[in-house]
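Take a look at the structures listed below.
In the two complexes below, chain A is the common chain; its partner is chain B in one and chain C in the other.
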Partner chain A sequence: MTASAAEQPWHAPGTTRRGTRTARVVVSAVLVSAAALAVLLVPPLFPLDQQAVDLTAKLSAPGADHLFGTDEVGRDVLLRSVYGLRVSLLVGLVAALVASGIGLAVGCAAGALGGRTDRVVMRLVDTFTAVPHLLMGIFIVAMFRPGVWPVVASVGLTHWVSTARIVRAEVLSLRARPFVDAAISGGASRLRVAARHLVPAVLPQAGLAAVLMVPHAIWHESALSFLGLGIPAHEASLGTMINGARGSLVTGEWWPTLFPGLFIVIPTLAIAGLAGAWRERINPRRRSELVL
Partner chain B sequence: MTTLPWAAMARLAGRRLLAAVPVLALVTLGMFAVAAASPFDPVRRYIGDGGVGASQETLDALRENLEAGGTFVEQWWAWLRSAVTGDLGQSLALRQPVDQVIAERLGWSALLCAVAFVIAVLLGTTLGVFAARRPGSTFDRVVTSLSYTLQAAPPFWLALLAIWLFALRLDVLPAGGLTDAGSDVVTPGALLSHLVLPAGVLAVSQLPWFVLYVRQGVGDALHEDPVRGARARGLSERTVLVGHALRSGLLPVLTLIGTRIPELITGALLIETVFSWPGIASATVRAATATDFPLLAALTVLSALAVLAGNLLADLLYGLADPRVDHDEM
Partner chain C sequence: MLELEHITAGYVRGEPVVRELSLTVADGEAVGLLGPSGCGKSTLAKVAALLHRPFAGTVRLAGEPVRGFRYRAPRAQRTRIGVVFQQPRLAADPRLALRDLIAEPARATGRGQELAERAAALATEVGLGPELLGRRPHEVSDGQLQRACLARALLLRPSLLICDEMTAMLDASTTAALVAVVEDYRRENGAALLAVGHDRVLLRRWCDRVLDFPAVPATA
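Let's turn to the complex of A and B:
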């Protein structure tokens, strides 16, 4: 861990950063596992009828019957939050996978082929960064009508740019390394150099970018759903729940708003905590510097 | 103060203007391609329920009028030609010309975003400097963890919690809109009290990036030779911190200002909607809900222009702040 100590050159003398860092990783891991277990186990054990309402129990405060209270039509906020988290995690994972896949392919192509391909791709990247991602997502969903798949498509198609940039930069720096020269002079074809030497070397970076993309995708899904442009309003998603709770917030009931939001914030922090630890552990650039 | 390198700055602006043309062309072409690939039909959208009994001839004539015929490239070209002359078409959702929608609403959005951005930059810089001064201190830890938490929190959720706290619980600020209900004229006092919550929430949602960047930048700079030299010369802590560490630590923040423009627009989209702020961003959401293509297209171009202008501004500032950087090489 000397490399990571060098990465953090300044912290107050006498404080042990490593201790708090380990604690953070453990807490993050526990929270991510808890979220994963909840979205996998709760739906089969506690089925949710998306249409069912119970007006006798509407807007009851958090208590023994309903741990997180009930919403404006008497639905349990905790159960719906778990279902909402399931939708969000599903959309987040699939969209992050799509975006990272596109980013990896585009970045490798631009970096490895260079020349005109690179210039065209970089112009395309400029275009995609010129429009705010949420606005682009809003546009795509508005044209294709709300639903899970338009949301996945809108997040996936807008978020590949950062991965493509990272991958391209990595590939460009790798191309100048001796082992690539050695492979080429050994008679390896372009495809072989790309598939055997470049892609495996950038995978850790691309994987890290993909993990960090998951909370980003969740954020986008909930924002689109909140605006009424994502998951259909009657279905439980964290964004639709917060949007639906706006009426009861005005009359003072805070719990239908607060808890779904916490279901966005806490998993995001936990995933980011794990990704940060991963970044410190396998920083490929640092490792390749040591090798050279 | 030496004179500014106006010529080099103008050359940079000119080059960026040239580079913006293909980007804007691609953005607009992309929008028409997406619309063409989608099940969206402008003619059906235009006539709505009235089209149920309409004959095929009427529909074809309307299609001709709306210039909705041909491939999406032809539609795009027709739209581009009239857009260059200032005709952006009719907004279907708001039932007025698109340029009129923009003229009425752009000012309110600019006011909201500018106030929020200034608060975020100033407050973020202050908090970042104090956090960097004693890394690992209680203050540093509180500020850093709060920043990470705010980074993870969706702005619309923060906005609703702020409404609950300040408008309902404490009852000190209005929950939304531009003026009090029942009042038609916008007075400066009412405007100010209605601006506090949306601008505050937008600022808070942008704050973490500035805090963390300044903290990192100043923290790194505190360990560099110029700062060590300043300390060795016996300069006061204040001079060292503000005059030396902050000056070099602020350089990455200038770049951040440019790259945060898209995020600022994203935040405004959500926060204007929550607070019923009559700006351009809430119009975008209404346009999207009503599949109002002419308005959406114009607003997307507008935000792309804002992003490109923000990048240019950041590069100009960077070139001015860092004497090692030449505007002609950007």
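Let's turn to the complex of A and C:
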């Protein structure tokens, strides 16, 4: 064995950091694909009524008839969990797009215009940050009838701040670069510099922020529904399912809360895992900061 | 062509890098600005290129006073000046292929179609073959990238070319090639040149007159 080889740390096959990272990406991709396939294929392929009540089978334990058991009024927990996940993913994706779009626009405007505009916009952002976003989200949903879109608005309109800060910081750093000077010298307008040079440069960061926002938005939707402020109680949502089954948890029936809970936790971890891999790819220097 | 009068400029108020400096570049004249690193010659070049607002002083371009800098400078004034920067890696948008990099000023001024042939001719003139034009900055060398940056600076036929240490990162043959391109351009268009650099020999050979940049005291 050579001296340099002796200095290398030994790893069992499949246990290197690279191997761990690859495994994480594969597992995350499989889980996200499974969740996406389930919410897209189950409703059209299995036209079952997720609201069908069967009081004779209420709180049945997981078994052959009902893989995940039934809830307090005999509804199938697996079927409702899939429908609930569909709502959660819809809310998560659309709210993340809304939040990232607002954040990108605000961050680019503040960073590209700079000066007084930047100071005013960032003080407004500070003011916005000072109000707890869950409280603001509750205020927004309370103004409308319960449904998916008020929840999307509640999450999307309150979660753009972090994206705006990231984008602004990136734009501020970019606008001092000589290639921006060269564009200005070549006659480019402020709008052209923003559209051709600044926005394309920050899109990967904004995209990453959007992906990282998806799991957060899913949790928010579940929290609002758990509080009775999100999706109407009769419609399946992971939050409303857990809220409705709280009582049965005390009496020992764990399945109506555990399975919807897992449907929240597993897809969010999987999406965060993919986002982490993406972050690693676009900014390798930050590999050591990865947690998920 | 360019008159700088009593320019005081810098990046932090109260700590100017350039103090009360005046400089004139006549039509068709080549002026070299020589000085050590950190003396403020690049800052002065940015003021001359209308890319940095001075704290005090007046800039005149073709006899007209300059009232705004960067985006606030009228496009007609900005595009009379071509600028080549020291570090081509930083002066090129990493997402643009060299072809788009060279054509960028034409597109920014709405003359993309009109100047397409000139952009192609300039690419050949600076020594960039067609096989290089589809590449992005990270796929070419510093010298090739600086050639593209020079072509970009010449595209709109500026009447003043500012070269801020254009050849500082290049080998001797690339330096000679780029200087020759600039000389040909000046001869054909009667353009003025403000060349900033450390290399006294090069600047003396290249310019009609060379000015030593006033040294700034270490403690302001």
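What we mean here is this: the second predicted complex is superposed on the first by the 264 of 292 C-alpha atoms of A that agree within 3 Å, B and C clash if a C-alpha of one lies under 4 Å from a C-alpha of the other, contacts with A are read in each partner's own complex, and residues count from 1 in each chain.
By definition in this document, a residue touches a chain if its C-beta (ideal position, glycine included) is under 8 Å from a C-beta of that chain, and two chains touch if they have at least 3 such contacts.
Bear in mind that the values here come from a model prediction, so they are computed numbers and not experimental data.
Once chain A of one complex is fitted onto chain A of the other, the partner contacts of A:Gly186 are limited to chain C, with no touch recorded for chain B.
Residue contacts after overlaying the shared chain place A:Gly115 against neither chain B nor chain C.
Once the two structures are superposed, chain B and chain C can be ranked by residues of chain A touched, with B on top. Touch criterion met: A:Ala272 reaches chain B, while chain C stays clear of it.
Of the two partner chains placed by superposition, A:Pro44 touches none, neither chain B nor chain C.
Contact residues on chain A toward chain C in their complex (touch as defined above): 177-179, 181-190, 192, 196-197, 200-201. Contacts from chain B toward chain A in the complex involve residues 19, 22-24, 26-27, 30-31, 34-35, 38-40, 134-137, 148-149, 152-154, 156-157, 160-161, 163-164, 168, 175, 219-220, 222-223, 262-263, 265-266, 269-270, 273, 284-285, 287-289, 291, 293, 296, 299-300, 303-304, 307-308. By the touch criterion stated above, chain A contacts chain B in their complex at residues 9-12, 15, 17, 123-124, 126-127, 129-136, 138-145, 215, 219, 222-223, 226-229, 242, 245-246, 249-250, 252, 254, 257-258, 261, 264-265, 268-269, 272.
Of all residues in chain C, those touching chain A in their complex are 46, 49-51, 70-71, 75, 78-79, 81-83, 85, 87, 90-93, 95, 104-105, 108-109, 149, 152-153, 155-156.
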